[in-house]
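Here come two complexes built around subunit A, the first alongside subunit B, the second alongside subunit C.
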Partner chain A sequence: MSHGVLVVAEQADGAFRKITLEAMSEGKRLASRMGCEAYALVLGAGVASFAGELAKYGADKILVADSPVLADYLTDTYTNVIDEVVKAHSPRAIVLGASSQGKDLSARLSARLDAPLAMDCVAVKADGENIVATRPMYGGKVLADVNLEGEPKIIAVRPKMMAVTESPGAGVVEAVTADPGRSAMKQIDRQLETGKVELTEADVVVSGGRGMGGADYTALEQLAASLEGAVGASRSAVDEGWRSHADQVGQTGKVVSPNLYIACGISGAIQHLAGMSSSKVIVAINKDPEAPIFQKADYGIVGDLFEIVPLLTEEIKRLKG
Partner chain B sequence: MEIVVLLKQVPSTESLVEIAADGVSIKTDDIKWVMNPYDELAVEEALKIRESGEGQVTILTIGPEKAVEAMRTALAMGADKGVRIDPGDLRLDGLGTAKVLAAALKEMPYDLIIAGHRAVDDDNYQAGPAVAELLGIPNISMVIKQDISDGKIQCHRTVEGGTVVIESPLPALITTQRGLNEPRYASLPGIMKAKKKPVDVKPIADLGLDENALAGKTTIAALTPPPERKGGRVLDGDTAQDKVTALVNALRDEAKAI
Partner chain C sequence: MTELNIIVCAKQIPDPEAPLSDVRVDGEKKEVFVDAPNVISPFDENALEAALVLQEEAGARVTVLSLGRKVSDTVLRKSLAAGADELILLQDNAFEKLDSHSVARVLADAIQRIGDCDLVLTGRQAGDWDSGQVGLMLGEILGLPCISLAREIKVEGRQVQVKKNIAGGYEQVRAALPALVTVSNEVGELRYISRTRMMKMLRKASSIPSWSSGDFVSTPDALQGMEIKELSSPPDMGRSCEFIEGATLEEKADQLVAAITSF
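For the complex of A and B:
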């Protein structure tokens, strides 16, 4: 590929994760602006069967590292494969998603390749040879424009910030024979909650805070279900033991950027805002008209969430009816 | 067990962050400095491991003299000793930081290294895995539970939609995620004792690193405030139903969010 943009795909259980389509689309846009080709690298076991799908999002070539050794994501084997692919193809940039896998992988890769890394980017600009990546710092209190010196420039993009666009590429599939080596680690178990929409990937997030008054989140779950969304929580709700740590939104929890974020019984502390202020539309439901969350929300309802939320669920169901 | 905790002093999460006149750094005058919250989890976990067996907990930090405050907090929680690398005027980026940490670690004994998943200032999410790579040891990120036996560590690592359990031989590096533990507070006797615990200070130059290799590969061209979210509209209505109807209409027609 010489000197193209390499997009590292992420897949699970026979399908690409949403973030892969976002990274691929952004990688393609970047390649177009840099006047080079966009390549995808798909790693895993049994991935050859669907790797070709990335052509739809602009992959000119799709490199496939299909091996039983790569069945589970392990930092070292994945790093080994990418390292070899990079040596063979010298990409100018590597784009991947800043998911939990992508953050781990890009960080290790930056050290292996001695390459610049911009983590968790919300925008990427290319100006000839130069790439300027924009990334939040201090929990989103400032945005930094970062110059990356040297190649390959590694850019990990924040989930849900990059538009998914279809733009057909040649999509030539090519097997790569890079040696993953033997991992020092081993995956012993994998426990996934089935049927649950992942917070960081959801288009709609409905979060509940201390105002929920207890562990019964049924009202929020029903609202989230009516919008095919996910349920999040403030740290207070997690500290109370009402919700699991995995549901926490904020500076010491997950960062979410859904199209619609509905905060119920959440005051809007700065650490909570750090996790959701890149949402496109924010709605706050709070009985205290002075709650700081109203200063950040596009729409607010002052009222008791236990009264408002069920009415809202009914109204949305009627609309979608 | 020799455990090393990588610890960074950062502005407290409540801090008002303002961009300095140079446009590429922040004003530090009114900032309250604290231990990075994820590193508190790291210190706590290290202490727990030590308490269940034996060994030592060493705190390693790169930072100016004032960074010793965060290190003293860790010593007051119960860590045994500290090493501070003084960066002088050098501005280290994420990878540069990892190189310095790795160089310092090469001169120290370690079976387990614990870092935070992210430092809440730069939000790089980078040092942990990068240090492990430079040391040639395995790393496991975002750990919420760990168990050590027979020279191996088994970790529950959070991933989208659940957790995976990964086993690795020691030495290894893990990064912390909330849920791992509840960090203890430093006790008064702990604070008194911490004053006498040893803290080694080394200038970067003593690590024998090539300064060119430490030059930043990423540089901040500009800092800007995030787009202002204009406090929106509180929906009026005589009844709860009226307000909800107004909200749904606005979300559908105006915001096109549903």
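For the complex of A and C:
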């Protein structure tokens, strides 16, 4: 199984993150095109119980590094383990999700292995021996196809860009005993803003901008809740102190690609568009019919968001029964 | 307490808020031309702000490094006007279009030449290439613990404690100094610099130190360019807005819901 495609899984609290299924599916597609095996590496504590699930998405083999030392994600211990696995198995390519954890890990790993890395890829092509990855730059205003010279080729895929495909693999689970070493870092606290859907992983994002006129986002929160989505904000709403920086969608905030993006009271500044224009369907609600956001939207309603949004929530709830 | 030495890496880039119409891709030359003034990359400005906060709180000497084929002294002097103690430009024709590994190597050499350094801060990613690799690679090359996506940075004794973004929340991570931290926008924008202060800094005769490759790069032959196969403008998403009409707001709302739930 050497010279295959290695997918590094990301898990939290006893389950794989959705990005892992996306990365695994893409890793399997890449392996098929390259004519080699796809295998996964799962790191953590108590992960052996669910590691086998990756077989469903094409893993021919699943390596499990299960150790209490790996309970918290720390860049150095995780890098040490992957480094050892890579040396033992010589994969041709490594696929990870470009989540906050995956970005952190892939860059450190790339430096450790002196291996090429394409970050935040939206498409991956195997061209004979070569892999060409497409990644957006300049806030999505330019697309670059980059060659990855040398091996292993590290590809970090942007969340929600790769289709999740079921394609059963042999899924043989094998424990690996790599030495994580001692971390130079220590995690002392971890707070999940519970019940909150992570913006970059959400299927629906409802965002508010300057048109919100204040910090009361109840209407948007209710609409988001009815669609099991997340709430975002434009930079001006964040600058006004109405929402936290963590909610900011845009070039200097988060880049989201949900199935549905609902922009409420957002004019559509370039900095905001950079963060949401790859959404599948975009809805804009704005009082100003000339607002540039309408040029980037599939559907628009001109009117007062505070009147329209509750009606939308009501209708969605009614349909859902 | 001995003073903390902080190095901030700041990249000069064309203003990332330039509209799409001002960005031109030359597919043949594999170059991007942006018709906009150069600025300090926004996340690097966040990193500088974090350094200046530490300078106020804990007492720190802040040195800004900026690397490129040619770096504008005028653009980077903003860091001095904001409160940085020193600015060093790393300029050489050999630094044009380097890949992330090479940029990190050159920065590592510069930091090693400076010597005293407790904390290296970089933006979480550059506002032009958007790849977010250099900071973390620099940490690996220098053998430093690296904490990415900082919202808040505190230094206590010889420890740095960082509140960092994770999926769905945040973590607090601690590391011994020296360490490297990449900074996210949550830290806050670079402080306001008055026009008078900026003009004063621009008029100041003092020359800014500039190092070229021969001055400090340990392996000039190993530097590599980026492997770009093709550059293109993103496909026009071809969106055309269908304005939802209706006699009443209720009607509009129902129609919109019907449209968005039909997928």
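Basically, the second predicted complex is superposed on the first by the 321 of 321 C-alpha atoms of A that agree within 3 Å, B and C clash if a C-alpha of one lies under 4 Å from a C-alpha of the other, contacts with A are read in each partner's own complex, and residues count from 1 in each chain.
In the analysis below, a residue touches a chain if its C-beta (ideal position, glycine included) is under 8 Å from a C-beta of that chain, and two chains touch if they have at least 3 such contacts.
Owing to the predicted nature of the structure, the values given are computational and were not obtained by experimental measurement.
Student: Just from the overlay, do subunit B and subunit C fit on subunit A, or is there a clash?
Tutor: On the shared subunit A, the partners clash.
Student: Determine, under the contact definition given at the top, whether A:Val172 touches first (subunit B), second (subunit C), both, or neither.
Tutor: Neither partner.
Student: Which partner does A:Gln101 contact after superposing on A: first (subunit B), second (subunit C), both, neither?
Tutor: both
Student: May I ask you to decide whether A:Val146 touches subunit B, subunit C, both, or neither, giving the answer as first, second, both or neither?
Tutor: both
Student: Counting only touches as set out at the top, which of subunit B and subunit C does A:Glu201 meet: first, second, both, neither?
Tutor: In the superposed model, A:Glu201 contacts both subunit B and subunit C.
Student: Looking at subunit A, which of its residues have contacts with both subunit B and subunit C?
Tutor: Residues 17, 74-76, 79, 99-101, 103-104, 107-108, 110-112, 114, 116-117, 119-120, 132, 135-149, 183-193, 196, 198, 200-201, 244-246, 248, 251-253, 259-260, 270-271, 274, 277, 280-283, 294-303, 307-308, 311-312, 315-316, 319, which sit in both footprints.
Student: For the complex, give me every residue of subunit A touching subunit B.
Tutor: Going through subunit A, the ones touching subunit B are 17, 72, 74-76, 79, 98-101, 103-108, 110-112, 114-120, 132, 135-150, 183-193, 196, 198, 200-201, 204, 227, 244-246, 248, 251-253, 259-260, 270-271, 274, 277, 280-283, 289, 294-304, 307-308, 311-312, 315-316, 319.
Student: Using the touch definition from the top, list the residues of subunit B that touch subunit A in their complex.
Tutor: Touch residues, subunit B against subunit A: 11, 13-15, 17, 19, 26, 37-38, 93-95, 98, 120-134, 137-142, 144, 154, 157-169, 177-179, 216-226, 229, 231-235, 240-241, 243-245, 247-248, 250-252, 255, 257-258.
Student: Residues of subunit C touching subunit A in their complex?
Tutor: 16-20, 23, 25, 32, 34, 42-43, 100-101, 104, 127-133, 135-137, 139-141, 145-149, 151, 161, 165-176, 179, 184-186, 188, 226-234, 237, 239-244, 249-250, 252-254, 256-257, 259-261, 263
Student: Show me the residue ranges of subunit A that touch subunit C in the complex, using the header's touch definition.
Tutor: 12, 17, 74-76, 79, 99-101, 103-104, 107-108, 110-112, 114, 116-117, 119-120, 132, 135-149, 183-193, 196-198, 200-201, 244-246, 248, 251-253, 259-260, 269-271, 274, 277, 280-284, 294-303, 307-308, 311-312, 314-316, 319
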